[in-house]
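Note that the chains take the letters A, B, C and D in the order they are written out, and that residue 1 is the start of every chain.
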Amino acid sequence: MPVGPIRTALKVDLDKPAPSQAGLHNRWHPDIPFAATIQPGEVVTIECVDWTGGQIKNDDSADDVRDVDLSCVHFLSGPFEIPGAEPGDILTVEIQDVQPFAERPWGFCAVFDKKNGGGFLDEEYPQAAKAIWDFEGIFCSSRHIPGVRFPGLIHPGIMGCAPSTELLAEWTRRESELVATSELAKTRDVALLPEPKSIHAGSATGELKAKIGAEGARTIPGRPEHGGNCDIKNLSRGSKTYLPVHIKGAGFSVGDLHFSQGDGEISFCGAIEMAGRITVKFDIVKNGMETLGMKSPVYIPGPVEPNFGPGRMLTFEGFSVDSAGKQHYLDVNVAYKQTCFRVIEYLKRFGYSGEQIYLLLSCAPVQGHIGGIVDIPNACTTMGLPMDIFDFDISPAFASKNGGVTKMDLGSCAYTSDRK
Amino acid sequence: MPVGPIRTALKVDLDKPAPSQAGLHNRWHPDIPFAATIQPGEVVTIECVDWTGGQIKNDDSADDVRDVDLSCVHFLSGPFEIPGAEPGDILTVEIQDVQPFAERPWGFCAVFDKKNGGGFLDEEYPQAAKAIWDFEGIFCSSRHIPGVRFPGLIHPGIMGCAPSTELLAEWTRRESELVATSELAKTRDVALLPEPKSIHAGSATGELKAKIGAEGARTIPGRPEHGGNCDIKNLSRGSKTYLPVHIKGAGFSVGDLHFSQGDGEISFCGAIEMAGRITVKFDIVKNGMETLGMKSPVYIPGPVEPNFGPGRMLTFEGFSVDSAGKQHYLDVNVAYKQTCFRVIEYLKRFGYSGEQIYLLLSCAPVQGHIGGIVDIPNACTTMGLPMDIFDFDISPAFASKNGGVTKMDLGSCAYTSDRK
Amino acid sequence: MPVGPIRTALKVDLDKPAPSQAGLHNRWHPDIPFAATIQPGEVVTIECVDWTGGQIKNDDSADDVRDVDLSCVHFLSGPFEIPGAEPGDILTVEIQDVQPFAERPWGFCAVFDKKNGGGFLDEEYPQAAKAIWDFEGIFCSSRHIPGVRFPGLIHPGIMGCAPSTELLAEWTRRESELVATSELAKTRDVALLPEPKSIHAGSATGELKAKIGAEGARTIPGRPEHGGNCDIKNLSRGSKTYLPVHIKGAGFSVGDLHFSQGDGEISFCGAIEMAGRITVKFDIVKNGMETLGMKSPVYIPGPVEPNFGPGRMLTFEGFSVDSAGKQHYLDVNVAYKQTCFRVIEYLKRFGYSGEQIYLLLSCAPVQGHIGGIVDIPNACTTMGLPMDIFDFDISPAFASKNGGVTKMDLGSCAYTSDRK
Amino acid sequence: MPVGPIRTALKVDLDKPAPSQAGLHNRWHPDIPFAATIQPGEVVTIECVDWTGGQIKNDDSADDVRDVDLSCVHFLSGPFEIPGAEPGDILTVEIQDVQPFAERPWGFCAVFDKKNGGGFLDEEYPQAAKAIWDFEGIFCSSRHIPGVRFPGLIHPGIMGCAPSTELLAEWTRRESELVATSELAKTRDVALLPEPKSIHAGSATGELKAKIGAEGARTIPGRPEHGGNCDIKNLSRGSKTYLPVHIKGAGFSVGDLHFSQGDGEISFCGAIEMAGRITVKFDIVKNGMETLGMKSPVYIPGPVEPNFGPGRMLTFEGFSVDSAGKQHYLDVNVAYKQTCFRVIEYLKRFGYSGEQIYLLLSCAPVQGHIGGIVDIPNACTTMGLPMDIFDFDISPAFASKNGGVTKMDLGSCAYTSDRK
């Protein structure tokens, strides 16, 4: 009994506006109509637009990044009904492949303007920047960051099942409380609450669409109860993820495909964002949340991750003392920021700009580890940089032997037209 | 020209009190007399006591852990003079091997009492606990945590060069400021300031010893300018670390040997602590801090780390929503704590106690990664648990197939005699 | 300067007979007209038919295998002209991706009849058999060999540059000599000499085609001077191969795509054969044969091979004592054959037939190593079998704990209709 | 219940002649008295002399290699009685560690004279040569082959259980038959039959010793029924081997410790031979030969093998066309020999002598794979060379960029005093 070609459960049209396509949506809500049905055990391909719905162009200006409309992101494919899935079950998702579209072999990573999106290092890099990446099979390279080339650990940034009405209410409650009570909320966004503007609720219209706009959870944060925008680079080909189910039929959505990403996705739009196809197979573990003792997703990576060998990772250490010399108490965020700065300083010597490196650390397969988190007052984190992604020798041994490094002309990433 | 046996640059005596051994010290200070001299390029072995200087016994009670004297830790071997090293240079340290003493093939990991040391999860696990690990070549197993066995990613928790007078002053300044200004400091230690009690300054006596006691930096935290207590599990056999030099002769010290550790060393005394030997070779990069653009240590791991295969890591996700349902803003510490809880809940189903798992996650080679750190308001972290360290099948696939798991009798870790 | 979509340098038509397609050919000869031109540095995709040109069907009978016409294989895509390449140069081929056609997500592996093709174990398995494999993204599974599933180490079995007239003559000389002098040649084919029957010389017709048919080297064997049908499973995504150039323009050809293969491809048609696309980029090393000291191809594998972890490879040993108890002198072939038998015996216990395992060892990513080759009179070889490709536990530890194994119903591979 | 130090089941004395030590023996025979008893489940350390019993010195002459007495090798430690083991059982051997003696941190690899031992390439390299390797923890380097340094994949070359009387007779029968019938036997040793000269039978004396000398199987070859001298480099730390038992008490012996070895151990004395200690734990699978379907040993490697990353292996191809241009029929030995020559030619360009490379390929962790073994008439084999063991860049990419390589002064290995 030969098996036929793999069914495409959802097609997208890259030439049509994302908000006009009924198989896409940009909020989490239990009432978004199912876009299609996928049987457990069926192998299907799902097409996805890039997370911004095509706002970013393959050119040499970052103006589109500076002006990006973030109220309309992320455009997700789905929700898909998985017959048989019920609240309390676990939906397993085996990712069998992720591919860019053959006719669109490129992606982008970007630094957002601090006033429109921001990022992990936005105090230091407040203005927008962009790099376009060309895909050559499993590899990618960028005219905006010459000298590097690496295989993609390709993955979806977002996967999750729809929340129940109760869960949605809880998300809104706790995120509203943060906004209401956070000092920081006076000077910057600390959470994004439901926002009717730019709402796209799939095939929903009228009152239903308005309800979803009023109540629907934004897709920016991952959330413990369903996963969502986890931005975990290892959810790649061959991985299997166990997702909690909160509504009948599961309501699985996926999107935000990344050709590659570094741990932390530090520039926020830091992965190599792309449109493309994902091939998946679902299964259901009845009553799995209880049986497997799960409150948040778990996953098993696939067996084919890029393996540079441990001895080829140049690893930087950072501690929770900030750039002004202020000591923070076991603060991993401060430590990881410092770790990033150490890498930036190191790579600048070769001729890269800070923005180029900031972009690179966001999208190359760097390993961000929690080192020590108990040695008061300093947290220690590390960032491992695979030396073999560079086409020149960045090792300290090479620099030591040659008494330093030679500064090269390493071009420029894309900046905004109004950059000072 | 045959090469002779490897020289032991420092011997320790496990039967003598650590404070009485002139080759050990327990503070960072530029004036601690050199314990010995090691030439660049020379291969030497250095012996080390365990970090507590022998306070913890191979028995089935955690009373010694509860009552541990933390004012006297860590006992480090050194400082060693490396002729030719000067401030501004980089000292490279190639770790060629780390071994426990053949006559002492065991180590310990422990949960400290919240009032004496604490740890990452001390709100939930406030009382002392302990597990003894027996070494069988590259493997270890514990009568206190049956069912697991793994190869050690053996490493020193602490390596660093002595601070200069100026650097020492800066450390004290910023840590004092934290203590003075932190709200949290009212209820718990947030930093450990210089403390004359239990000072051991190697061969220094009298006034010099008193001066070192008054000024010397505590060894608990790693610090960005020299490394120190980084507790990075990957500084193992074959690794090469680049350490900034701050005084003439470098004043390299090493200690806190770990047979194995998980990312974060979450229970604080969480690695498998041991006495043993480390074989190293030094080299000097003249003016390396400038040439290599380095403010903090960097390292390259060795090529022989345990490789379980990516597809054998069961990986848990955690987010910055705490156990009470409170939303935190991009807080990696909260997220990693939640990640730990997810693993604990998962493994408890098999019959382990919370303390057993807390200990296990501290010392087994778990991978703690920073997932997404920019998706406001949720940080996402992951913990990868190698499934092959268990002698039963912990995979969710196995549980799914069998409709759940069978609770087993998995013994007990060591508790205190006064445990409620 | 955005880069456009990747150009397809050659298209094939799966619905047209392979011999009628001008971009294909099935002999090595310097005079086969170039099928297309590809510039050094250009990224292109090349389409390929399966090696038999579509003779094998996705069904449950091995009659097509038994009756396969081997005089017409392999159908290769090319030859491609690489401007600038000259004799003595090296052509580098970076394989950027290999993919099956989306509309044809299946492949086949087969045991040939001993009288028509044969294979490594044809004394023991003289009759034809077949297994069809379905592709699910990076994974494949077969209704004919249930219980296994693995990611493909996808690669072309054949890559090479066209021989010069002189080189072609040398090939014919030495292979004719073997046929003329070999005892074994009386009972079986020991080499395949030029054969006008079924010749396909691309766009050549008339006299030129007849000349190529009379002189052209068969594509079955790999040959030291140019590579060709090496069947090296590691020439996969990301690999870079250095190929000697023998004619102006190189005349690069490629084909015999494999979704997966085990070391040795023991059943001859043992890889998972498929039609598909390969994406490549060429470069030229002028005078590289001398500069690089190369007489045969060398390659560097890509960084993304499946990594099961060394501790998950169940490895079998075999020695050069044959099944009749006869001692052979350091004969690796005998040893490897015995190694295969050891695996077959081991896996038969679970319910597989010998043919199923013979097929499986040919196409799954088994590692065939030369152990000891100097300990007279026994050569020792090993075959490492990744345990994680099975969905049941094949480890000896599991069998030991359970007092043996349970024989299962594991179906059947496809056999011929006249099987006795 | 604390566990004590690990027991040493057998000590050797490096200052006493090997033939005078009762715990050693150099033949396989069921009647060699047990040297000691080791319980199943007990962790013990066994000391071993080097395989020649100390004949090779740490100096710069290969005269000792030329004149080595091969009638007395290998000196094995044992046989050990494992209570409970009976014929038909399987003895599992978990190797927990292998270490050189701290006071003897060096080993040797050698090319034997063609007339006394020979090796895989003895037609081309007929004279003795030697390299001494110094151990620095997990690494080794040699004054005789400068420019390389690598971590050892440390392992015993020989492990096995004693043969039964019947099995011994069968070995002698088939090896005698080979000697009697082989053409090649007229010009070189093709097997080594029982040889009373230099017999060492442990504590046996008088008639028993004479019987063992007359009947005992030589230890040079591995043999399918028990393993023995397999020279498999992956039987390293953490591996678990399943060995058939042929006599009551098993009679396990071990020796021929190697600090490192390449696949094939091509120069015969090609591993880095050393004296040292091995730590093991045994277990018994009752009736395991039947239960596990085993006729020859199987093993599972440990999880800590050196991992250079697949993309760091420069891999050479070889085919079964010999250096004189003669075509051989699917002959893996010819192909692997050619593969070795390709590596030798490649590395000679940097300044190494042929002997230096021959030695290096024997002992460095090169991967020798069987590529294609069915494409008549050419077998294809590969040898993967980890580029990171060199302290200069051997990649073809580097040479291409620089228009070739610079010949260096790379010293000399040790030769014999009478070398022409």
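Couple of notes before you dig in:
What we mean here is this: contacts are C-beta pairs under 8 Å (C-beta built on N, C-alpha and C of every residue); 3 or more make two chains touch, one makes a residue touch a chain.
Bear in mind the structure is a predicted one, so any value in this text is a computation, not a measurement.
The set of chains in contact with chain A as well as chain D comprises B, C. Taking A-B and B-D together, the pair of chains sharing more C-beta contacts is A-B.
Set against the Cα centre of chain C, the chain with the most distant centre is B. Averaging C-alpha coordinates per chain places the centre of chain B 39 Å away from that of chain D.
With centres defined as mean CA coordinates, chain C is found 50 Å away from chain B. Annotation: 32 Å between the Cα-based centres of chain A and chain B. Of all residues in chain B, those touching 2 or more other chains are 238, 302-305, 307-312, 388, listed in ascending order. If you check the complex, the residues on chain C that touch chain A are 1-3, 5-6, 43, 58-59, 95-97, 102-106, 132, 134, 136-139, 143, 151, 237-238, 279, 281, 302-308, 388.
Listed in rising order, the residues of chain D touching chain A in the complex are 307-312, 388, 393. Across the complex, chain D is touched by residues 90, 92, 119-120, 170, 174-175, 177-178, 182, 184, 189-192, 220-224, 227, 229-234, 238, 242, 263-268, 270, 285, 288, 291-305, 309-319, 321, 325-333, 336, 338, 342, 345-346, 348-349, 367-382, 384, 395-396, 399-400, 403-405 of chain C.
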